[in-house]
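Several structures are given next for inspection.
You will see two complexes here that share subunit A, one where it goes with subunit B and one where it goes with subunit C.
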Partner chain A sequence: MAAKKLNIKDKYRLLTRDLDWDFSYEDRKQAFPYEEFEGIKITDWNKWEDPFRLTMDSYWKYQAEKEKKLYAILDAFSQNNGHLNVVDPRYVNAVKIFLTGVSPLEYQAYQGFAHVGRQFGGVGARVACQMQSLDELRHVQTQIHAMSHYNKFFDGFQEFSHMHDRVWYLSVPRSFFCDARSAGPFEFMIAIGFSFEYVLTNLLFVPFMSGAAYNGDMATVTFGFSAQSDEARHMTLGLEVIKFLLEQHEDNVPIVQKWIDKWFWRGTRLLTIVAMMMDYMLPNKVMSWKEAWEVYFEEAGGALFKDLARYGIRMPKYAETIEKEKEHISHQAWWTFYTHGHAAGFHTWIPSDEELDWLSAQYPDTFDKYYRPLWDMAKEMEAKGERFYTSGLPQLCQTCQIPMLFTEMDNPNQNSMRDTVYQGERYHFCSDGCCDIFNDEPEKFVQAWLPVHQIFQGNCGGPDVGDILKDYYKMNIGHDNMDIKGSPDEARWNKWKGIA
Partner chain B sequence: MSKVYIALQDNDESRYIVEAIEESNPDATVIHQPAMIRIERENKLVIERSVVEEKMGREWDVQELHINLITLGGNVDEDDDQFVLEWKQ
Partner chain C sequence: MPVYALNPGYQGERMDRVENFHGNQVVYLGWDEHRMFCAAKAFPLPPSMPFAVLIENIMPEAFGQHPEFSQINWDTVEWLLDGEPFKPLADVSLADQEVGHKSLIRFKTPELKGYQGAGV
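What follows is the complex of A and B.
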């Protein structure tokens, strides 16, 4: 007689909870040494719930199916010269940012979840984190594989891993994950599992990927949605972690709230580059950054915080500033990259007249008033043969490491700057949010590896910026950087398409 | 009241799942976007295995949902017969 098929709940109990053991001759505290120092109190790990109740056998089965689907499409994409189907060669520069800025984060997430998947005392949480760790490794592999096709035809992809660890703007995502991974296991889960996965990755992996599809990039949308199918499970894990911590002990509430305040602010800063990718680097528009922000942050995040209100959790600090920033940050970021386009590992450009009109329509309260005049000036300069590149290096925020490009939200003509003194040294910040984060953990943030400071200290070669870009960043000068007009990328594209 | 939502890849399998969602949740809103389908409803959304099986004309394991899922918002509760998304406010 065939064995009776187990239902999901029994299978989950047997293949997850039942794999744990008690410690009889070893000290449990030594087995899980990171569990207490953050001040989080866990009274009963058995209260942990995994709503998907995914067991390892089902995990392999469904992941294998996802991989088969994904690689069939990637093969077809490559065999059929899929890169020729993107609407415009400018679009490919968004993919360069993805490979250099985002894919290495997947690898950091893999390392982070492997760590907490070992360190949590509860077996349910450990198994869920181990699955997420494997997911993240899959994501970095599939992303590198998908984008390797573009590397055959476009500049700027070849040194993504080397650049991620060194280049000035890539230190923003890199240091974000380094901060999370060097925190305790519970803070890591609130940082990455909850704040980042539940609210913020949606903005990258849903509207941006839908945009990739709309711009003819079959490879990116396919790995994006394949990765995001795992994210739905990660989001659920993040939400379960936070509910679990809040239900375990009331003393956990203020600690968790402080982490939420920190990581939502850090996350919104990190997403500045995604805002710019959506508004300026997708030639065919799906929705503006502002609209995506309203759907995935304000509406979805708002619902989430209403749900958490019963535990005494409130909206993240600086929510009022964050709400105003959706009107500004994409414009401030693209202008910064345009003026630093000689030092970026991708091409920049002036938006077309049609795109400028679209931005005016999407941002009626801010674009014509503050940002369109900048592009009018850039166009005039370019027409005179004086395409502008700044000769200075930007000052960076000590916390988020973003150049001081943001303005005061109540006065967009005034740059936002804060500073504080710690042990006789003055530190500079882009915002109250970043300054407060520093003041709470100065011992950590004084150690930040700030790319511009490192250049001035002589730790990145030089002495000229060109030497640093070429030798230290491994940028292929005149190919990877500068305006798309006159670039080898543009010349090759025109040749493929028979454009004179 | 807040909305729960789920987004699925726009493909042959999802079409049946979306039909089943519409049948189980008649007042749900279905939004078609490039390459994806987003479905939202106030407070709660249910996907029933029996309804999906009827639409697909084959057996369907609730966990197969993972293959075509893009994202979701709401508390998840899944068992052998259904997948529920809900806010508990």
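What follows is the complex of A and C.
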């Protein structure tokens, strides 16, 4: 007699919940040692609603089909010299930031979800996290493949993984994930599963994927479409986690609120680089950062937090500061990279006159008053043959590790600076948000590997900045860095396109 | 609680203790309302350095690229040390006037409004 085929419900039960077992002779607490130290109280893991009713066999089948299609398109892209279809070689620098700054985060997410996928006491949560872990591993692989074509034709891609671990500005995304992964499993889920994947992910993926579509980058667009169904599952998991924690015990509410405050702030700081990418690096603009923030956070996030109010959760702390900062951060970040273009692994440039006018129109309250004068100055210096590269090394924030480039919202001409003294040593922050995070866990953040201080300690080679870039960061000096004007990227592009 | 850790009493390694800087201390310098420089700058300096040497040697390295730099009147600038008003003594060392490891020295030049008078 042929084996009876399982119906979906039975298959689901057998391949997820039934994978668990009771502990008859071992101590359950020793099996799940991470479950209690954060103070989160779980009364009944059975109340967990599986956000995606997926079993491993169907996961493989579904993903394999998707990836077959993805690789067919990537092959076609490559064979048709797809890089020639991007609108302008400046665009490719956004892809360089993605590969060095974002793709390695997918790998860190894979590691993080694999860890919590082992440590949660509830089997439903474990299975969901394991699947997300596999998604993240697939994403880093498919992103590397999608972008590898550009590596054959443009500078700055070749050492993305090495650079992620060492380069000064890449310590920002790297330390963000190190913070989340070294937290307990519940904080990790609020940090990455909820705050990042649910609340902020649209502000990362939509700009990059729409940016790719608007600028002729078929490889990245295709990856984006392929990842979309996974991202939808990740968002569902993020939402399930927060509702589950809030419904399990009222004592969880203030802990969860603190994590939301922390990770919303850390996430928005991290997204500064996306803001800059949208406003300055895409030759064909999708929308301004300000508009994206209004659509994806103020409207969508506002509705979410209204929904969570019944659990006693309020809007993230300092949301009103961020609302003001949306008028400023992209300009401040691009100016920082422009002036540190000698030490960046991608090219920078002065926006064209049309772009400057677009920025004035998008930011009528701030651009002409605060930021156009910077570009007037840069143009004047460039015309004199003195393209501005700033001397020295910047002060960094102890928490987000971004140079202290943000300004006071009641006086946008003045950098915002906070500090605190912990056990006799002074620590500096870009904002009240970052200072609060440190003050809550100073023993964690005294360990920050701040690139500027590491250089001074002699841990990054040198002593000259040029030697550090070349030997410690593995940047190809004169190729990967500096202005796009006069770069080998630009020269090759002009040759391909027959531009004199 | 100084950290939420699996093991009680967990302590983090202090990565930036002054001992790690080979006899120097880190000092940050910031020129208020001059956004040509995106942030304050960091320098490893000997604690025995007199303030006059900081003005003569370090300030030009930090801010000399600014067109207003040569117009700064160092006798009248307004100083802040770690957020407090500060009157530096030219011949006294950093350490002896409480410029410590990771101190932030800010200065204001109210008569210099930056490029285009725009705080740049």
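Everything that follows uses one rule, which is that the second predicted complex is superposed on the first by the 487 of 500 C-alpha atoms of A that agree within 3 Å, B and C clash if a C-alpha of one lies under 4 Å from a C-alpha of the other, contacts with A are read in each partner's own complex, and residues count from 1 in each chain.
Everything below uses one rule, namely that contacts are C-beta pairs under 8 Å (C-beta built on N, C-alpha and C of every residue); 3 or more make two chains touch, one makes a residue touch a chain.
This is a predicted model, so every value here is computed, not measured.
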Fit or clash between subunit C and subunit B when superposed on subunit A: fit
Touched partner set for A:T236, first subunit B, second subunit C, both or neither: first
Partner chain in contact with A:E38 - subunit B first, subunit C second, else both or neither: second
Partner chain(s) touched by A:D365 [first = subunit B, second = subunit C, both, neither]: neither
From subunit A, separation angle of subunit B and subunit C (C-alpha centres, steps of 10 degrees): 150
Contacts of A:L374 with subunit B and subunit C, given as first, second, both or neither: second
Subunit B versus subunit C as contact partner of A:D75, first or second or both or neither: neither
Touched partner set for A:M404, first subunit B, second subunit C, both or neither: second
Partner with the higher number of touched subunit A residues, subunit C or subunit B: C
Three-chain overlay, closest Cα atoms of subunit B and subunit C, distance in Å: 31
Where subunit A meets both subunit C and subunit B, residue numbers: none
Subunit A-touching residues of subunit B, taken from the complex the two chains share: 2-5, 7, 9, 33-36, 62-64, 66-80, 87-89
Contact footprint of subunit C on subunit A as seen in their complex: 33-34, 37-39, 183-184, 187, 332, 335-336, 339-340, 369-370, 373-374, 376-377, 388, 390-396, 403-405, 407, 413-415, 417, 419, 425-428, 441-450, 452-454, 456-458
Contact set on subunit A toward subunit B in their complex: 7-9, 51-54, 58, 62, 65-66, 69, 202, 205-206, 209-211, 213-214, 221, 225, 228-229, 231-233, 235-236, 239, 286, 299-300, 302-304, 306-307, 309-310
Subunit A-touching residues of subunit C, taken from the complex the two chains share: 1-6, 10-17, 20-22, 24, 26, 28, 30, 32-33, 35-44, 61-62, 64-65, 82-83, 100-104, 106, 114-116, 118-120
